[in-house]
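Each of the next two complexes has subunit A plus one more chain, namely subunit B in the first and subunit C in the second.
Take a look at the complex of A and B:
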């Protein structure tokens, strides 16, 4: 497989943009980072490009499903477009298509950078990407054609899952080989997280496939395993990849080491210790054994420890450098993702408590929470990573800062509109379904006596203790409509990103000779590049702060 | 839940726990947790030293940035 001009990074190579690419033809003159980027080019771009395609496809499925919730007759004539098929098709195409593919692509690049070794066996990884994509395609078609397993998050039939396992096995073996050939002795915290993700995912997926799809469990046991998987696939697969990306790119972009490496390591090991307990808190007030639910609640609340370490570290590292976010697309997306991680994690811990879980569990509040995690945290972080990595692989800058701005603001406004309105609507729905019997419900019920608040809440009717089911359904309509509007914004953002990626890959867009930033305020940009005096060691880095 | 399922679950838990304990032991024994300052700076090198902003693909530190963005403040 031939590799063409990669991203170049060595200072001498960057002096003349016209010579860009020419200096790379001779491997002996290339810097290690340029060699690594060149070796990563094809595997990472295949993972990124196909992942982005699944994002657009999954977004369209999501829009159709969302519109059906407030306009049930929308596209209801064909069986394959009914809600029961489109909704799981959306879930699986974004989880196993978009999020997993871009997560693996980012992991490959990070692993090579952190091991300081070029990517070996690129053809093998391209094969893994193709197998993974065939698995997702076959699985999605199966779900749409009515051959779903019927288990949420695990709808793909076994013949599709088998392909995913083979593809993942190739990636995992590659990761171990690369780690064994690493040139750096120290294992950076991002590598710990990446290894955690690569190790935990097959454990999770194999366990649920054996127990559920293999029909070794039934009834409550099946539900326990299923929610353990559904919860942990976010916490032990996507979260470690997202945090690994943040821990690498934030220091790299602003040129400052993380605030406390000790906290970062503490965060990793406490995540490893506590996260896998979560999942069974979904059965609060359900038929599960009390000890199982209680243990899960304890694990969920203890997640405050790793989340706090990450939040403190990210904030203190970026502190005094927030101005860079005004210019840098990568940093803006990544910091948005990092802040959302704190928010979704604290919200998740609170949702494991009886007082909030009971009124919200079967409401849209849970859906909003899931999107805050997988979109506001993980997806935005992956966007930031791709804005950093792709130009280094293709050797081309992003062709339009205007499209990047559209991408960011549509996605950011869309997800917070989605989360905010659906959380509020979910709370009202939950309180109404519980007939305001919980302490929080009583409080909102009392607020409902005030006419203004009552109107704002969409006609909260629980003060009499009984709310007809149809009234509850009708009360959700405005919030479901806002969800469709938010989803439209996010889909437009994804299309903008898809166009940007296409222009970058093909070279059809405007050719840039410098970095593509949000704002052309050169003076302000220079001022934001302040030296990191507290971390600089004069003897070793003299002159680097210029 | 059948006995086969229980055995499988406990086998997976055992393998997982053993791997985690081994990884922790390996990290402690290998000095991965002995010098945290060194760990934090390990991703920087001569090409990308501390203090260098890297979100600028074609930007050289001696050059003034040629920023591509629309006129907007």
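Take a look at the complex of A and C:
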């Protein structure tokens, strides 16, 4: 059942079961791959290492900010560490430091691998990485010292964003030149997403910088642009990079082609069309024109199309191969990321509806949602990518499967504890702020557990009196405390990964010959990779990863 | 087949479409919003910030107040913004014409501040609250902003700015210029004026 034109496949590097083994040992492919990996080595390693350093720094900011919310006098003597500075320092260092740096590193490597062309003049990209890092460092110090611009997600002052722009310009030009020099006519879906991300991000960033930081608009006009940016930096920068990574690495690890080429096309174009309209649903019933809010609600709800398309495509690809997750760290992180993408997107669509948005918008429910997206989806996917890419750059395997296990479980349990507890706390907080006339605790005490919760959620009762503000604060404290615990687990996971990366870069740890798997059972691993006969898996693949 | 041009054109058009919708048209439309002058009092609503208030706004920005406090009241049937006594009408674009950057906020760890100047007009209350929030509202999780205040040994007479709080004998608590500016800004936040065409609740 071939749906692609002849000559579109590359026999040197096919991923379908029949030629999989053969492709691996083909000498031309092998030498091209090692040439590419060699050319990407320094830029990618600099992006990954500095990104991971920002992750650890950002986690520490996060912990300080989190503890302050339930223990307000914690580290409160110094202006530099007041909550209102540490919190944006956390956001900016993980978004522009960790997520963007590792995202760029992964994109560059994927682009070269998929275009089958080595990176030209890699030293310029090392320069870009250094400029980017200086930009983030200067920006973070500015935020901590009280020189923030005051615009959420765009706190970095212009002298810092200027450096980011130059660095990004180099990255984008290099990636586009690589794309232009691709060896083959066939463009794999990951390349589409990467092209989109590299094309959209500068447009987004330039628009907000010129209009807001350049003071060309003020008041509500500014707000519309700001939230269009803050939402699309997720939707059109991190999401395409994450999806490109999943689309590439899942077939690579399990040795099967992607399930459907057509679903991947539909997923890409519907994402481009709908995600870009998100943002203004942040002003539901707020001081913005109604048409603007409605347009964004439509865009958010329509996101169900790209999300379900991608979810089906990924699921059908991994189907019957979930056993590989027992062995492969890359696949376990990536599948975790892919499943979280579906979850966070469906939740996001529901959150754009009046009935859920109005009570929860100003609560911790929104914070939990943001972390599900940037952490459970994007960050976990980037971990998976680095587990795959770094050994190919350094020529060393990961030195400890135990540390990888610690990394995975601490991060996975941490983020789900974070999301679960904070969402619950946020719902209680939001309903007490907006809907209920008595605190949840009082109702449960009076009516019993079941009836109490039912009355609490049952419709709009706030006309009969509102819950006093400090009672709401009191009810959020246990959930805020649980967030600090979850955050500690996640920080420990990041430290474990930091140690692994350090050992890999320096060659200090135990050296291994084969890939580092969770379970050292080579035979079982091979068996899990054995293709399972299934009529649902097309025997002729479409749109294979190279 | 070469997908390059298709990809470029598609990525350009989809994005340009949304850019027109969420950037160009709203910015163009909201540019026309102007302050209104009240008929009787001839006061411009909202009143432009004085120098001190504008400086206080910078202190508000520098210390990230916006991460816990919103400055907007919403209409809509699923929230209680107006029932909480924060204001008598929903916020409208006119309320923000003097704001650059706008500090609408997305989080209510603390209460909304759009009318805090009308709800809490006392300098003394604001200073005490900023210095030690728990002393004024027990159970609050707001961090203290003691670094905006100076603890000084009393030499001769007490300073006329000194706050009416009990410290160890011989010391007084004086707000810094930043603290005074911040309180001036907080007190200026009063958008309780009527907006033509918008019924008060």
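Observations on the model:
The criterion applied here is as follows: the second predicted complex is superposed on the first by the 470 of 546 C-alpha atoms of A that agree within 3 Å, B and C clash if a C-alpha of one lies under 4 Å from a C-alpha of the other, contacts with A are read in each partner's own complex, and residues count from 1 in each chain.
Simple rule for what comes next: a residue touches a chain if its C-beta (ideal position, glycine included) is under 8 Å from a C-beta of that chain, and two chains touch if they have at least 3 such contacts.
Keep in mind that this is a model prediction, so the values were computed, not measured.
In the overlay built on the shared chain, the residue A:172 is in contact with neither subunit B nor subunit C.
In the superposed pair of complexes, A:302 makes contact with neither subunit B nor subunit C.
Looking at the shared chain after the overlay, A:269 reaches both subunit B and subunit C.
By the touch criterion stated above, A:203 is placed in contact with subunit B and with subunit C alike.
Contacts of A:68 after superposition: subunit C is touched, whereas subunit B is not reached. Judged by the touch definition given at the top, the superposed model places A:280 against subunit C, while subunit B stays out of reach. In the superposition on chain A, contact of A:180 is made with subunit C only, not with subunit B.
Judged by the touch definition given at the top, the superposed model places A:114 against subunit B, while subunit C stays out of reach.
By the touch criterion defined above, A:87 reaches subunit C but does not reach subunit B. For the contact definition in use here, the residues of subunit A common to its subunit B contact set and its subunit C contact set are 8, 186-187, 195, 199, 203, 207, 211, 217-218, 221, 269, 272. Interface residues of subunit A, counted against subunit C in their complex, comprise 5, 8, 68-70, 72-73, 76-79, 82-85, 87-88, 146-152, 179-180, 185-187, 192, 195-196, 199-200, 203, 207, 211-212, 215, 217-226, 228, 236, 269, 272-273, 276-277, 279-280, 282, 284-289, 292, 295-296, 299, 354-355, 358-359, 361-363, 366-367, 433-435, 460, 462-463, 466, 469-470, 473-474, 476-477, 480. Chain contact summary for the complex, subunit B toward subunit A: residues 1-2, 4-5, 8-9, 12, 16, 19-20, 23-24, 27, 32-33, 36-44, 47-73. The part of subunit A that touches subunit B in the complex is made up of residues 7-11, 14-15, 17, 20, 31-33, 113-114, 184, 186-190, 195, 199, 203, 206-207, 210-211, 216-218, 221, 248, 251-258, 260-262, 265, 269, 272, 324, 327-331, 388, 391-392, 397, 401-402, 512-522, 524-526, 529, 531-532, 535-537, 541, 544-546. Only residues 1-4, 7-8, 10-12, 14-15, 17-19, 21-23, 26-27, 29-31, 33, 61-68, 70, 72, 74-81, 83-84, 90-93, 95-109, 111, 133-134, 137-147 of subunit C touch subunit A when the two sit together in their complex.
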